[in-house]
């Protein structure tokens, strides 16, 4: 198994599947291609992770452009799980001719091609060693996902995708500038002949990097990747894009894309953590985290639109992850990385089940939905579980990681940030329960839910992938996964 | 200073006056010719401005009944003020003959005096056009002059002096490194000032007598004969002054630093080339822009001021300047 | 000297496009600016013996000077976009904003310790100014088309910084960045067309329904 070509294959498979999906002869063919592409990717990721756990990090491909270590493995794992779940859901939601939202075949081909390309670019983010390549991959995710957000051609989706494209591109240009400054910092350490943008080289030179240049680079990188990660106050594109995208794409954006941006910041953080007496990145993580958590808590309380509500939850949870990274130490980073996985699974679950609910109820307005638990027992139950998990109720996995992060905060002496986080969590808890209990438990609906439902096998399978993570990881951490998390923490801390 | 040097110096000073006075109508002719060519017209001959001046000088001046002594005196004072500025500027040799007595700020003052006299005379006869023209012209002056000063500071910042010949000598000594982004940006700002000060498009259309748009022409509508010749010539001299300053600072090389014959002749020839080139460029530029509304001129001057300030910032704070 | 000349052209083009009201002229200014950046790339490649940078210059000429302006003009024509831009901020304030961008960039770059190993690093403040001016354009223009122009301007600023700092990042990365830029132009064109079909205008003003 010790063969770095798995990592190359992981890039090839979704790209090739995207090409095949474009020329698929039938709906069935397109569906099968997409599912196969995502499933093979998942298997490949398992192989890669296994390899990392047994033999450590691998450098792949020509010129050392690709590099896969435990941190990459974690991101790839998360992406491929969410990717497969979303594509399985897409089959039910858009793919089958009988489903209420079915796309015509040419559009379906395009849809799958874009989703698979989106997966490809995100995998590339996870495997890039060269930070320039990382930037290229992230800008690639923006371009592809902008097309997906605007997939429905409705006025609102065009608005959302335009804002998304412009804001994230502007952000990413800043990030590119920050990346150039990283190069400059490397020049300051090793001279212009040996300088490079390879993460492995930068991490080696970290103790000698010029702190002034690094500080400036961090500002630009945080502005750039922070926009993409949905840190408040740079998050304005996020609720729009998440609410107007097709439901499986919303799940991918929230669960996958935001994590890619955080991952990029983690890579940079890993460099700065090795610089002596340099705490600027910690400070940035803490500030963005606090602002995100507080702003999101406020917006969650007043939000009525189901998907926008979930989007603001993403802002909040990105803030929590950021705080976890900022609190630092093994505990904080472990919590943050663990939370990345948990939030991805939980949020994807909620988007998929929520999309089901919204399409059955014919509206996304939470004030108009009630009594869903009796009308749609399956979807309702999943939403109920997901909602409780997202709010941070034990024994679900989100609780476990949030608890770790809070502990790290108090243990590390970051009292103010930890207390703010605690208060915000309480507010969000109340807000989420308020919204969901009305929608799920309230009186029997007067308008009623649509009974026209397509087959739900794909949805069931997709949720079957995600729910064990949501529920199970809270009480039991499988040894290989714990080892992967532990190794990933070591990658960052060193 | 030996008597011989004194004589040569006086001769050179007279030479400067002669160059400016004799050359300026030609530059006007060049601009007109270039504009005519790029508009696919034949255009008037290059020497037409000289013929116009000769025609006007041969004629008597007529004055309105309501005109006072101001109307009679103003063209002379205005013209004299412009001529006074000549020895403060570098033309084809260094140092400028009166450089020790004043810097570029004096030049700004002299130009302002000339503008003021013209505006005063326009008001004197009491015609509507004169009042209109002079308000417009003073407005343009109010916009252009502060920017002119800013440009002077921007130019002078690297050399540490606002004296034209010091800036030029500094430029010559630095060689190619002198052409920094800061200098080029300040020069771009000066180009806008030049357009405003000399009444070229898009600020004023020298070729129109349309009452709604004319500025300078409205002011001098009352004049005729010899006085008009003086005013027209003064306008050409003003253009020559500013264009000369522009090229001397932007491309200082070739200006003679000693009084050797070869260097002086070379400086003179290069000055001619530079001035003709500027006139050609202005002609080209004028065919490509339309006249702007009067109140949009504030946009133009804001841009020029911002550029000049930007140049100062670049020089002082970054050291991008030389 | 030629290097400084090109740098001044880059900065002036950015500043002028900030105050120019005609879209056609702004496209022209963008092409001019790109040409000057390509010129810088060629010059640096000669002066500091980095032949790969000439390839970068070639890429910029092909993409930023020829293809993208052509594409932009086509968009302008196909969508019949009115030639004058709408500004949220007056021309005067925009001109001063250019100065503000310069000051900000100097304030940001100034404290950096100068690196003797990178002689062209003096171009950095100008590059940052161009980036900031692009950001200002994107933020204050109502037409979606102008926002695209602003982003392209920002990219140009980053290219300049890249040339000045790194003398070329390597062919693969540069091709990747160029490809991204190209796809960005294509995707924006697609969205502008959709916007025109849906709203019958490309003023970003109509994009106001999603709030909160």
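Lettered A, B and C in written order, each chain numbered from 1.
Criterion: contacts are C-beta pairs under 8 Å (C-beta built on N, C-alpha and C of every residue); 3 or more make two chains touch, one makes a residue touch a chain.
Bear in mind that the values here come from a model prediction, so they are computed numbers and not experimental data.
Two chain pairs, A-C and B-C, are compared here, and A-C has more C-beta pairs in contact (counted per touch definition above).
The chain with its Cα centroid farthest from the Cα centroid of chain C is B.
Inter-chain centre distance (chain A to chain B, centres taken as mean C-alpha positions): 64 Å. If you average the CA atoms of chain A and of chain C, the two centres end up 30 Å from each other.
Centre to centre, using the average C-alpha position, chain B and chain C are separated by 35 Å.
The residues of chain C that reach two or more other chains are 109, listed in rising order.
Not a single residue position of chain B touches two or more of the other chains. Remark: chain C residues 108-109, 111-113, 115, 117-118, 121, 128, 131, 134-135, 138, 144, 147, 151, 154-155, 157-158, 161-162, 165-167, 169-170, 172-173, 176-177, 180, 183-184, 187-188, 190-191, 194-195, 198-199, 204, 206-210, 212 touch chain A in the complex. Of all the residues in chain A, the ones that touch chain C in their complex are 63, 65, 130, 132-133, 135-136, 139-140, 143, 146-147, 150, 153-156, 158-163, 165-166, 169-170, 173-174, 176-177, 180-181, 183-184, 187-188, 191-192, 195, 197, 210, 212-213, 216, 239-240, 243-244, 299, 302-303, 308.
On chain B, the positions that touch chain C within their shared complex are 176-177, 179-181, 184-185, 188, 296, 298-299, 302-303, 305-307, 309-310, 313-314, 317-318, 320.
Taken together, the chain C residues at the contact with chain B in this complex read 1, 4-5, 7-8, 11-12, 15-16, 19, 90-92, 95-96, 98-99, 102-103, 106, 109-110, 122, 125-126.
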